[in-house]
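In the two complexes that follow, subunit A is the common piece, with subunit B as its partner first and subunit C second.
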Partner chain A sequence: MSGIWYYIFTLVFFLFDYFILAMGLNIQYGETGILNFAYIGFVAIGAYVTGAFSLPNSVGTGQQYILGLSLPFPLGLILGGLAACLFAVIVALISLRRLRTDYLAMVLISLSLVLYDVCNNYVPLFNGADGLYNVPEPFAGVLHLTTNSFIPFFAGVTGAIAVVMWLVMGRVTRSPLGRTLRAIRDDDVVAAALGKDVFRNQLKSMLIGSFYAGIGGGLIMEFSGSFNPTAWLPGETFVVFAVIIVGGVGNNIGMLMGSLVVETLLVHLPAFLPDIPGHPGLIEYFDAVIIGVLLMVMLWFRPQGIVPERLRRAATFGVRDDLGAEANLPPDELSALAPSPVVQPGTLQARSATNE
Partner chain B sequence: MQIFWQSVGFGFVTASVLAISAVGLSLQFGITNYINFAYGDFMALGAFFTYVLNSEVFHLNIWIALVVGSLAMGVFAVLINHVIFSPFARRFKKTFYVLIVTFGLSLILLNLEYSIWGADVRFFQMPLAKVMHIGPLLLTRYQLIVMAIAVALMLGVHAMLKTTRLGKSMRAMADNTTLAMTSGIDTRAITTITWFLSGTLAGVSGTVLGITEGNLTPASGELFLFVIFAAVIVGGVGSIYGAMAGALLIGLATEISAAFINPAYKLDTAFVILICTLLLRPSGLFARPGKA
Partner chain C sequence: MPALLAENVTAGYGHSPIINDITLSAELNSVTTIIGPNGAGKSTFAKTLVGILRPTSGRIVVNDVDITRMAGHLIPRHGLVYVPQNDNVFKRLTVRENLEVGGFASRANTAARMEEILDIFTDLQKAVEKKAGFLSGGQQNLLAIARALMVDPSVIMLDEPTAGLSPAYTDVVWSQIARIAKLNTAVLVVEQNVERALKHSDEVHIFVAGRNHVHGAADEIAGLDLASIFLGRSHAS
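For the complex of A and B:
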């Protein structure tokens, strides 16, 4: 197979992988309003744990890591997702209940840096700055895949996983839980006054999102076979934020669009450009600047993203919860135009149209 | 024992750098009521302004370069506020948006610094300093000057807040912006001045961080940012005096812990203290009502 296909399927893999990652952050930030600036840390935990479960015992591999159980493909991945969940519980118990948005963001970004520091310096855990490598390719032995045929195959596997996770996330966001989360995002005091346990629901949202983060990270590990601290500098969290804000906060299919624009076109396509002679890394740096500028421009001119969040209405008798009306204006302008959107007889407004 | 006193000396130096940066961050937070996640990159950029004046173009004396570079950083912070932060803060009432914008700006600034100055480690041009014995402490002349700068700046900020009209207006705005506005305080002017002070303090602290660490990279401010956050939260967010106390505590704790544990983890001590504070006294040592 020619090199070009190798690149294209790598792009396809990252498209689907960041679709999964963006859905995970979207339920935390887009649906619940938790500003998780440590998201990439959860991704890294998923990746490392998946790798450590899939690798054979570390003796004689030239690497140092814990576990090393040689588990077959989906097991390591699922355990990676669960490890990220476990971490989310610890984080939530310490910080979620006590802090308002911006303090939480400060603590989380600190956490991300400390986690980075520990993984980078404490070699026996996940091989320190070298990271894990030579992680066995899933199914490669069974299906006799070569490196060239593995890449399109695994891009397809990731696509299938992404579709399943998209369907599940669709159920979650349409369920009563999803409505509760959006109520908390829009006004947590009102949600609490209506008898919703804000902390429990935020915790659920953290758990679901972290599982997605862990799976997305584990897939990167399985796909590339290696993962080291340069892959998850705290700034990487921002790329996932850019994906969901460009795609459209609070809309799962928007995540796919965001992943296409930000991750595939802006992050990974330029990586295949040749380096400018004498300026190593310049393209990468410019790339990051462009992503940052794009995000600000999007926030200013189209804060609802490429695919806006739907305005949901819940029928009192639970017949339909989604009439498909779209909020085409920025949230703040909407609120200025229509302080109380029309409520049809027999329906309850599930969420107010404003973001405030 | 020698190592212990040595780390106490380093602790005071780190605390000095922390105090300058934490006060700069707190001043701005108190007025605008959102955290500037690009503050670490402001520090690095200020240090690079100084570096350009000191090593690349004018070959100025390091202390003159420090003053000019930091003031330039102050002006830059005012510009950033006018062009980016303040429009976003006025348009979107939820702090989410402006927090993400500051986070995004940090990515932009970091990568601009990388593309201009590269990833190489840089050094300020300054003569080698003699080591001096002060009681049981061993410090270089530069470290003493850094400590003196910190003490002078802290006293200056204190005097400004307590005695001048500007300081009074700033404290009024930090307590209640709307009330301050209706009392005839020009809140826009105060915000601009605050950003100038915050940017200048970021420039000073970034430069003295480069001087005390002995090197300078675009990422050095970003890695230091969470130690600043720890100092600010431990002291009580929004409280200037809390930030000073938090800086002293965190600065001493990180350096003294380095005498007992692997120094690679010394900054993580700050995080442990941060977590303990959150568990025991979530509003910090010097809490301000209504801010936590």
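For the complex of A and C:
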């Protein structure tokens, strides 16, 4: 297989993998309003645990790690997802019950740094700074895949997994649970006053999102065969945030668009460009700048993202409300008022007063 | 036994209490209104009833069940539901979804109940698929009340449901309140407009500086010198 296909299928893999990662962060942040600034930590746990379950016993491998059970695909992957869920339970019990969004975000970012330091420095866990490597390629033996044919094969497997996870997530977000999560995002006090157990629902959201994070991480491990701390610097969390903000917070198909624009086109495509002579690594740094600028531009000009949360006709003021009824405005004047997202009570009174 | 009974309730945000020793009850099929100057502790009392704040002493009983130390989200199940003063709808959810969040019985029950409620709140009927954030202030308040009714409460606590509304819309909200009370519900309302409170309520309580200063039937209260009561003077008239 020629080199170009190798690149293309690597991009396809990351497109689908970040689609999965973005859906996981989206249910936590986009649907529930939990600012999980430790998200990449959950991805890393999924990756490490998947790798450690798939690798053989560490004796004689030249690496140090726990587990080492040579589990076949997809067992290691699923356990990676579940390990991320377990971490979510611990995180939720420590922080979610007591803290509000901004404080929670601060605690989570610290937690992600602690996790990073532990994995980076405590070698017996996941081989420290060297990370895990030589993780067996799933099915490579059974299907007689070469290193080259494995890449398109596994990009396809990841695509299939992503589609299944997308269908499942669609069901979740359309279910009463999804509605409750969005209600909590909008106002947790009111949700509780209507009988919703806020902590329990936030925990569910954390668990679902963390499973997606763990699977996305495990797939990276299976795809590239290695994973080490340089792959999950705490700042990587913000790449996933960029994916969901660019794609459109609260919308699952937007996650695929965000992954295409941010992860595929901005993060991975430039990595295949030749280095600028005399400036190794410059392109990658420039990348971070471009993502930052893109994020600001999106938040300024199109905060709803490429694909907005819900494409509903109703939001375009097809219906008369009491504003029109009271002030007796003709329909065109009514629509002129439409862009203001929330009609404040004060405005209402002012308008009816001038029209009386 | 009244539907809601608060006895000697003391509560606050930090160490010193904001409301002191408040006793108040609300009966089915009647409107009980709390009036009083700004900062008197009306909202604090409402939040204490529904478990957002914890009373340091006293007890709260709904339909014979003591809910004083109950987790906030369990309280609606016992029949008490609360509509906060401001920002009381889920702005990014549609009107329909807002109502659905209120219904925690079976799906079929929710649909049937929503139909009944939309029959009362005809204004909302026309806007069911609209995002709640796009409604006017008055409609948002009506939606919050309608959503609270989805829970099928026996006691509904409304904190200033007419704040910031035009006089015309204030009448709409009050006529709905009267209607709700007739559905075998105890309605407890915080209202800053004294005149309207006296006109529409059965019982009136006047809170001044964190205490339930004066209370009685609306027509008795109407005969008092409210200005001096609000200023904290004795209510001997």
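As a convention for this text, the second predicted complex is superposed on the first by the 310 of 356 C-alpha atoms of A that agree within 3 Å, B and C clash if a C-alpha of one lies under 4 Å from a C-alpha of the other, contacts with A are read in each partner's own complex, and residues count from 1 in each chain.
FYI, contacts are C-beta pairs under 8 Å (C-beta built on N, C-alpha and C of every residue); 3 or more make two chains touch, one makes a residue touch a chain.
Just so it is clear, the model here is predicted, and its values are computed rather than measured.
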Looking at A:309 after the superposition, I want to know if it touches subunit B, subunit C, both of them or none. Which is it: first, second, both, neither?
second
Partner chain(s) touched by A:269 [first = subunit B, second = subunit C, both, neither]
neither
Based on the superposed arrangement, let me know which partner A:180 touches: subunit B (first), subunit C (second), both, or neither?
second
Considering only touches as defined above, state whether A:296 meets subunit B (first), subunit C (second), both or neither.
first
Taking the superposition as given, does A:285 touch the first partner, subunit B, the second, subunit C, both, or neither?
first
Identify the partner contact of A:193: answer first if only subunit B is touched, second if only subunit C is, both if each is, neither if none is.
second
For A:89 in the superposed arrangement: first (subunit B), second (subunit C), both or neither?
neither
Quick one: in the complex, what on subunit A touches subunit C?
176, 179-180, 182-183, 185-187, 189-198, 250, 309, 312-315, 317, 319-323, 326, 341-346, 348-349, 352
Write out the stretch or stretches of subunit C touching subunit A in their complex.
50-52, 71-77, 81-84, 87-94, 97-98, 100-102, 104, 107, 123, 126-127, 129-131, 133-139, 144, 147-148, 150-151, 163-166, 168-169, 172
Seen from subunit A, its contact residues with subunit B in the complex are 29, 33, 35, 37, 94-95, 98-103, 105-107, 109-111, 113-114, 117-118, 121, 234-235, 238, 241-242, 245, 279, 281-282, 284-289, 291-293, 295-296, 299-300, 303, 332, 355-356
In the complex, subunit B residues that touch subunit A:
34-35, 37, 84, 87-88, 91-97, 99-101, 103-108, 110-112, 114-115, 119, 222-223, 225-226, 229-230, 232-233, 237, 262, 264-265, 267-268, 271, 274-275, 278-279, 282, 292
